[in-house]
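The following blocks contain the structures, represented as C-alpha cells.
Shared chain: chain A. Partners: chain B in the first complex, chain C in the second.
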Partner chain A sequence: MSVAADRTTAPRYLEAFEAARREEPAWLAERRRLAIERFSLLGFPTTKDEEYKYTNLARIARGEWRPGSGGSLQPDALAAATYEGLEGPRIVFVDGRFDPERSTLSELPEGLEATSLAALLATAPDALEGHLTRYADFEGRALTALNTAFFEDGAFIRVAEKAVIAEPLQVVFVATGDAGTVTWPRVLIHAGRQSQVQVIETYISAAEGAHWTNSVTEIVGEDAARVEHFQVQQESVEAFHTGRVEMLEERSGYISTISLVLGAALTRNDVRITLDDEGCECALDGLVVISGKQHVDHHTLIDHAKAHCNSHQLYKGVLDGSSRGVFNGKIIVRQDAQKTDAIQNNKNLLLSTKAEIDTKPQLEIDANDVRCTHGATIGQLDKDALFYLQARGIGAGEARSLLVYAFAADLLERITVEPLKRHLERLLMRSLGRDSAAQEVSE
Partner chain B sequence: MSATADELEILATQEYKYGWTTDIEADAAPPGLSEEIIVWISREKKNEPQWLTEWRLAAYRHWLEMKEPTWPNVHYPPIDYQSLCYYSAPKKKAGPQSLDEVDPELLATYEKLGIPLAERAALAGVAVDAVFDSVSVATTFRHKLAEKGIIFCSFSEAVQEHPELVRKYLGSVVPTTDNFFAALNSAVFTDGSFCYIPKGVRCPMELSTYFRINAANTGQFERTLIVADEGSYVSYLEGCTAPMRDENQLHAAVVELIALDNAQIKYSTVQNWYPGDKEGRGGIYNFVTKRGACRGVNSKISWTQVETGSAITWKYPSCILQGDNSVGEFYSVAVTNNRQQADTGTKMIHIGKNTTSTIVSKGISAGRSNNSYRGLVKILPGAENARNFSQCDSMLMGDRCGAHTFPYLEVKNPTAQVEHEATTSKIGEDQIFYCQQRGLSQEDAVSMIVNGFCKEVFKELPMEFAVEAQKLLGVSLEGSVG
Partner chain C sequence: MLEVKNLKVRVEEREILKGISLSVKPGEVHAIMGPNGSGKSTFAGVLAGREGYEITGGSVTYLGQDLLELDPEVRAREGIFLAFQYPVEIPGVSNMYFLRAALNAVRKHRGEEELDAVEFIALVKERMKKLKMDDAMLKRAVNQGFSGGEKKRNEIFQMAVLEPKLAILDETDSGLDIDALKLVADGVNSLRSPDRSMIVVTHYQRLLDYIVPDYVHVLAHGRIVKSGDKHLALELEKKGYAWVEQLAASGEMVTV
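Entry: the complex of A and B
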C-alpha cells in the first residue's frame, strides 16, 4: 500500500476536518470521523495502484485546495445547464451549497420530495439515517472518504411509493470555478417501491479556473422502482472532476445511468451498481467527447449478487487532440447469480495521432449458468465511408462530422429526455466544429 | 474425435498416469541459493565462460532486490527459495555416443512416457532432445539437421560450442531484470534447448523437446533460445509430464524466440504437469516467462499452447512486433479442474508498421478451479495501421469454478484497429440433449462439444500434438459434468 498511495497532503485534510465544527446528528458525525480516519490511512492513490494505473491524480493530491466561496454569479451563469424546452423542478447548488434563489421547487409534483441535505439534517435528520453515506462505502476509496468527511450540502430526492413523476428533476452543481477551490457535491436518490423518476445531474463551472469537484451520488431503488439517471459534466477544461455513483437495486428494479462527459481537464468517474435481488435490470452507459489535453477515465462495476438479473453497458469515446480516454469495466457474477445476462461494450474512435485510449473490460465469474459477453473496439473513421460521402458532394470536414455524429448517435438515442438529447446533439456538433451541420441535424 | 466413451471411462478412473519416480542417483547441489552455489553450477558443473558466470551473478544480485509478484489471480503459500535445490543431474557417463550407451533405466523411463527415442525417431521423423532433470541425455537426428546447418542442441552444449551465438542473443528478449522469476531463472538455469536456423533454411522436421521434473525438491529452471535467421522457418514442439509429488515443485523457465527478416517460428506447447490431487495438495507451480521478438520485416511468431496441468500456471507467451509487417499469433486452450489455478494470456506489443496480431484464448474451468485470461495489446505511436483481433471465450462446468478475464488494450495510434471480444457460457443443455437424442452418451457429448469449443486452437497444433491434446482434455475434465 505504501508505494500505491500519496499521503503527503493527508495531514492538511485532517487539520481542516478537526477545525470544522458542525451541528449534526451523532450518526453522521461518526461516519465522517471514520471516513477521515480511513482517508488518512489511504492517502491519494497513485498510478502504482492498479485501479489508477492510467489516471494520475498527482495534481489533485499535491494541490492546496480551499472550499469554494460561493461568491456572486453572473445572471446567465446557469445558461450551460439549461436545456431548451425542459421545464420542471430544479435544485441548484453553488459551490456545493443550496441556492434557493435559483432553484424552482415551489411546485413539486405529488410524491416527489427534493430538498437540501443540510436543511433536512437540521430539521428532520431521521429520514436520512440508514441511507446517507450507507451505500457509497469508503473502505478502500480515498476520494469517497474525502467527500463523506467534508460535504456540507447536497440534494436529497425521495420518491414516494408508487409515485410516477412525469417531469425530470434537475440537479445542478455550479462551481464558481476559482483556481484552487474544491467543492463536495453529494446526492442521495431514494426511490420507493414501484415508483418512477428521471433525474438529471449537471455539473458546470462559472469560471475557467483549475478547480476540483469531488462528488458522490447514491441511488437506491426499492422493489420494482424505476430510476433513470443522467449525469452531464461540462466543467471548465482546466478543472478536475472526480465522481462516484453508487447504486443499489432491490427486487425487480430498473436503474439506468448515463454519464456524458465533455468538460474538465481530468475526469475520473466510478460508476458502481449492486443488483441485490432477483429480476433486476440495469443499464450503464457513457459518452465521452474530448479533445486538447483532456483525460477521462470511467471505471464501472456491476455486481451481480443474485440470480435472474440483466445488465447492459455501452461506453463510447470520441477522442481528438492529445486527449486520453480510459475505460475499465468490471462485471462480477457471484456464485448465486445464475441465469445472469451481462453485456458490456466499449467503443472508441481516435480522431488524431496523439489521442490515446486504454481500455480494460473485465469479467469475474463464479456462477456457471450465465451469459456474459464483452467487447472493445478501437478504430478510426472508415475511409470508404468518408470517400462515399465526398463522392456525393459533401465536404471532407462535414463528412467527418457526420460520421462522428453517427458513431455517437446510438448512445444519444438512449437519452429518453428529449430536450437533453437535443442539447447534447448540438453540443456534439459544435465540438466537431460544424455549427451548420448541428442545425441540420437538430431540425 | 479421438477420445471415445470407453477411453474416457478408463481415463476417468485413473489417477495421474505419469506419476512415478525413476530411481537414478542424482548429482545434486545442497539446498539453498547463494553466489557460491551459482559459481559452483556455472564453473564446476557447467564449465561456462567467465562472461556467463558474471551474467548469472548480475541476475542474482538483481533478484535479491526484487519482490515476488502478487498481482496474479492465484493463491499459494509462500515459497522458501532457500530450501530448494538448484542443481540436480543424473549420474553422468562420459558422453554417450549412441542410444546403447545411455543408462537403460533412463530409456525405460522414456518407454513409460511413450517416447521411445529410437522408434519415435524412425517412425515419426521427430528429433527429440530429451531433457531429464536438467541435463540432456540423448539427442537424435543431429547430424541430419547439421547437414542443413541447423544447430539444435542442449543449452550447455551451445554454450561450449557456439558461445558467440549464445552471447549475442541470450537475454536480448527477456532481460535478466525482466521479472522476479526470469531473474531467478537467469541466475540458476541449468540447461535447456538451443536452436539456430541459418539463413533461408526451412527446418525439415518438427523439433521437439520433453521436459520432466524428477528428483524431489528440485525446481527446474530451463532456458530455451530459438533464433530463426533471415528467411528461415522452424516449428518447435514442447511437451511436458512430471511424476506425482506431494510437495509443490517450482518450475520457472524462460523461453526466448528471435525471428529475423522474413523468418517464421511456430512454438507449440502441450503442458500436462502434475496438477495436484483433488484437494489441491501437491502439484507443480509453473511460473514461466515466454517471449518472442519479431525483429525483422515480415517475420512471424506463433504461440500455440494447451495447458491442462500444473497446480498453478502463470504464463504469458508474448510477441514484440518490432519489424514492419510482422505477425504475432497466440492460440491457447487452458483447462483447469479440481483446485487448479491458471492465470495465463499474452502480450502483443506493436512497434512496427502494418503489424498484425491475433489472439484466440479458450478457457475451460471445472470443479473448484479458477481460470483467468490476462492479456495486453499495446499499439505504440509508430505502429501505423496495426491490427489486432482478440477473442477470449470461457466455458464453465460446475457451479464452484470461476472464469475471469483481464484484457488491457492500450492504443496510441489512431490508424490502429483493435477488437476484443469475450464470452462466458456453459455447455448448452440443448446441445447435450441434441447429441443424446442421437444416441451419444452424455460424457461423449460433453467431450465432443468441448473439443468443438477448442477446435480453433487445436487446428493450429501439429497433427500428433492435436491428437494428444484432445485426449488430455478428456482426462482433465473427467467427471466434471454430472
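Entry: the complex of A and C
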C-alpha cells in the first residue's frame, strides 16, 4: 500500500461498476473490467505522488459523485460554446450523453464521420475495436482508468483517407453542473492517411455547481494526416476538471493541440503524444487565464520515438488573484530518435503578488544528435510600458488589459480557426474587465 | 499655461529637485539644460505623472488645475505630452491600435466623436507624410525593433497625432545623428503654434540650433541656477557646465 494513493472511495466505484448493465462488445467489456481493477489497485493519486505534487485531488477523491442527470437545459445553454461566425457540424453531449436535438450532423462533408460512440457500439462496433481505449493506457493512471470503466457515450470522429475537411467540427460537452455530479466525456479522433481535419472540443457548465468532469480524448493520425485539435475549457469556477489527451502520430504526420483553460476551480490536464515514425511534427500549446483561487496543472509528454521529428510547445499562463499554475513538460528522446528537434517554452504573467506558478521541464535524451531547447519565464506587467500607455491617455485598467492581451498575442495567433480566436480574444479582454475592440489590437 | 512654484521632489530619500519655479505661457518654448544628474528628467517625469516621486513641497498648476492631483492618463487627455527619452517597446500591440486608443481617449475626454478606423488612417497618413515616415510602421508593434532614431521620430509622430497643449521633450536629441536630429526638429517646429507650449529638456546645445527656444533655464543640483534667452545656451556651450556648477555653488541666481 503506497501513501501516494487514496483508496477511501474506491469500493464505491467498484460497486457502481458491478451494478451497471451494458450491452456492448466483449472486447470493450474486458477493457472496462481491466480498468476498474486497475483503479481499485491505484486509488486516487495524492500530493505524495511526484506527478501530483502541486495538485491536490483530495476533494475529488473524497467526493460522493453521482452521474449527471442530463436534465433540462435553458434554451441558451450552449451560448458559451458558440463561436460567432463558425458554422459547420456540431456534436453535442449533455452530461456525457449524445443530444441529437442540439447536434447538427445532417450535412456532414464527404469523408467525415461524426457519431455517438454509444450508438456506434450498439450497431457497428468494429470500427472502434483496436482504437477505442487503445491509445490512452490506464496502467498507472487512475483517472483514465475511471473514465474507461464508466464512460457511457462520447464522440467518434473518423476522417477518410485523403479527405480534406474544410470546416472545423465542433464537439461540445455541456455539464448540467449540479453539485456532486460527474461526467465522463470520451472522444476518439481517427484521421486516415493524408486526411486533414480541425476539431474543437468545448467544455462548459450550465450551472455553477461543484461538478466534476473527467475526460479522455484519443487522437490517432495515420501517415501524413494533419489534425488540428483545440480544447476549450470554460466550466464553472466551482467545477473540477481532469482531462487526458493522448495522441499518436504515424509517418510524416502533423498534430497540433491547443489547451485553452479559463474555467473550473481545479484543472488537471495530461497532454501526451507519441511520434511513432519518422518525419512527424507536432505542436502542443496552451493558454491559461485564471484568477481567484483557480488552479490549473498541465502535464505534457512528448515521446520522440523515431528520427527526424519536430515538436514545439508553447504554454502561457496569465494568473491573477491567488490562483496557481503548474506546468510540467516532459520530453523523451529515444535512442532511435536522431535528428530530433524539440522546443519547449512556458511563459507566465503574474498579475498579483499572491498568484503562483510552478514550472518544470523534464528532458530524457537517449540519442546523441538532437536539438532540445526549453525555457520558462515568470514576470509581472512591465511598469514602464504601463506608464507609457497612460502617458498617452490610455486609462490604467485598459492599459493593463492591453499588456495582458499583448502577452497572449502570439499564442492566440496559433489559433487557426478565426471565430474561435476572436471568441477567446473577447473572453480574455472580458476576464480582465474589458470587452471592446479586442480583435483589432494586433492588426 | 503652466505655473511651477518652488517644486521639491524626493526620490528614495534623496532630494532631487530643491525648489523649482517656472512659468510657461501659451506658445512659449522653454529649454531646460543641465548636466547629468541635475534633475532634468525627474522634472519631466513629475510633470507627466511618472510613479516613484515624492513631492515634498511646492505646487504645479496647469490650466488652472492642480496638476499633481491628476492621474497620468488624465494629464495626457488634458493636453500634456511627454516625448520619452527612452520610448518603451510593447510587443504584441500594434502602433495603429495603440495610437488610435490614445487618440480616442483624448477625443472622448474633450467631448469629441471617436474616430473610426477609416478616419483615423486618413489622419495618421497625412501626419506621417510630414515626418517622412513609412506607413508600414503602423502595423509593427509599438517601438519594437525600432532604431534609436525611429523611436524618437515615433514620439514626435504621436505628438503630431495627439496635438497636445503642452509638450515636454525629454532628451529627444540623445542618440540621434545629425540627419535624424534635423528631421525630428523639423517635426517639432511644424507643431509650434501660438497656443501650444513646449518644454525642451536637453543636455546639449545643438538641439537648440534647430528648435530655437524663447527661454533657456539652466538646472544644476536640483535648482534653476540661471535663466535667459536663447543666447544663454550658446554661452553655456562655450563656458561648459563647470561654469554653472560654480554659480550653483556660490548660490547666485543670475538672470541675463
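By our rule, the second predicted complex is superposed on the first by the 434 of 443 C-alpha atoms of A that agree within 3 Å, B and C clash if a C-alpha of one lies under 4 Å from a C-alpha of the other, contacts with A are read in each partner's own complex, and residues count from 1 in each chain.
Convention: a residue touches a chain if its C-beta (ideal position, glycine included) is under 8 Å from a C-beta of that chain, and two chains touch if they have at least 3 such contacts.
Keep in mind the model is a prediction, meaning the values are calculated, not measured.
Enquirer: Identify the partner contact of A:50: answer first if only chain B is touched, second if only chain C is, both if each is, neither if none is.
Expert: first
Enquirer: Figure out whether A:387 sits in contact with chain B (first) or chain C (second), or with both, or with neither.
Expert: After superposition on chain A, A:387 lies in contact with chain C alone.
Enquirer: Could you look at A:398 and tell me whether it touches chain B, chain C, both or neither (first, second, both, neither)?
Expert: In the superposed model, A:398 contacts chain C only, not chain B.
Enquirer: Is A:373 contacted by the first partner chain B, the second partner chain C, both or neither?
Expert: first
Enquirer: Between chain B (first) and chain C (second), which does A:350 come into contact with in this model arrangement: first, second, both, or neither?
Expert: first
Enquirer: For A:150, select first, second, both or neither according to whether it touches chain B, chain C, the two together, or no partner.
Expert: Neither chain B nor chain C is touched by A:150.
Enquirer: Quick check for you: in the superposed arrangement, does A:359 touch first (chain B), second (chain C), both or neither?
Expert: So A:359 only meets chain B here.
Enquirer: Where on chain A does chain C make contact in their complex?
Expert: Residue list for chain A touching chain C: 382-385, 387-396, 398-399, 402-403, 405-410, 437, 440-443.
Enquirer: For the complex, give me every residue of chain B touching chain A.
Expert: My answer: residues 71, 381, 394, 396-426.
Enquirer: Provide the residue numbers of chain A that touch chain B in the complex, in ascending order.
Expert: So the residues of chain A touching chain B come out as 50, 335, 338, 348, 350-353, 355-380.
Enquirer: Of all residues in chain C, which touch chain A in the complex?
Expert: Contacts found on chain C: 48-51, 71-73, 75-77, 81-82, 84, 87-94, 96-99, 101-103, 105-106, 109, 117, 139, 141, 158, 162.
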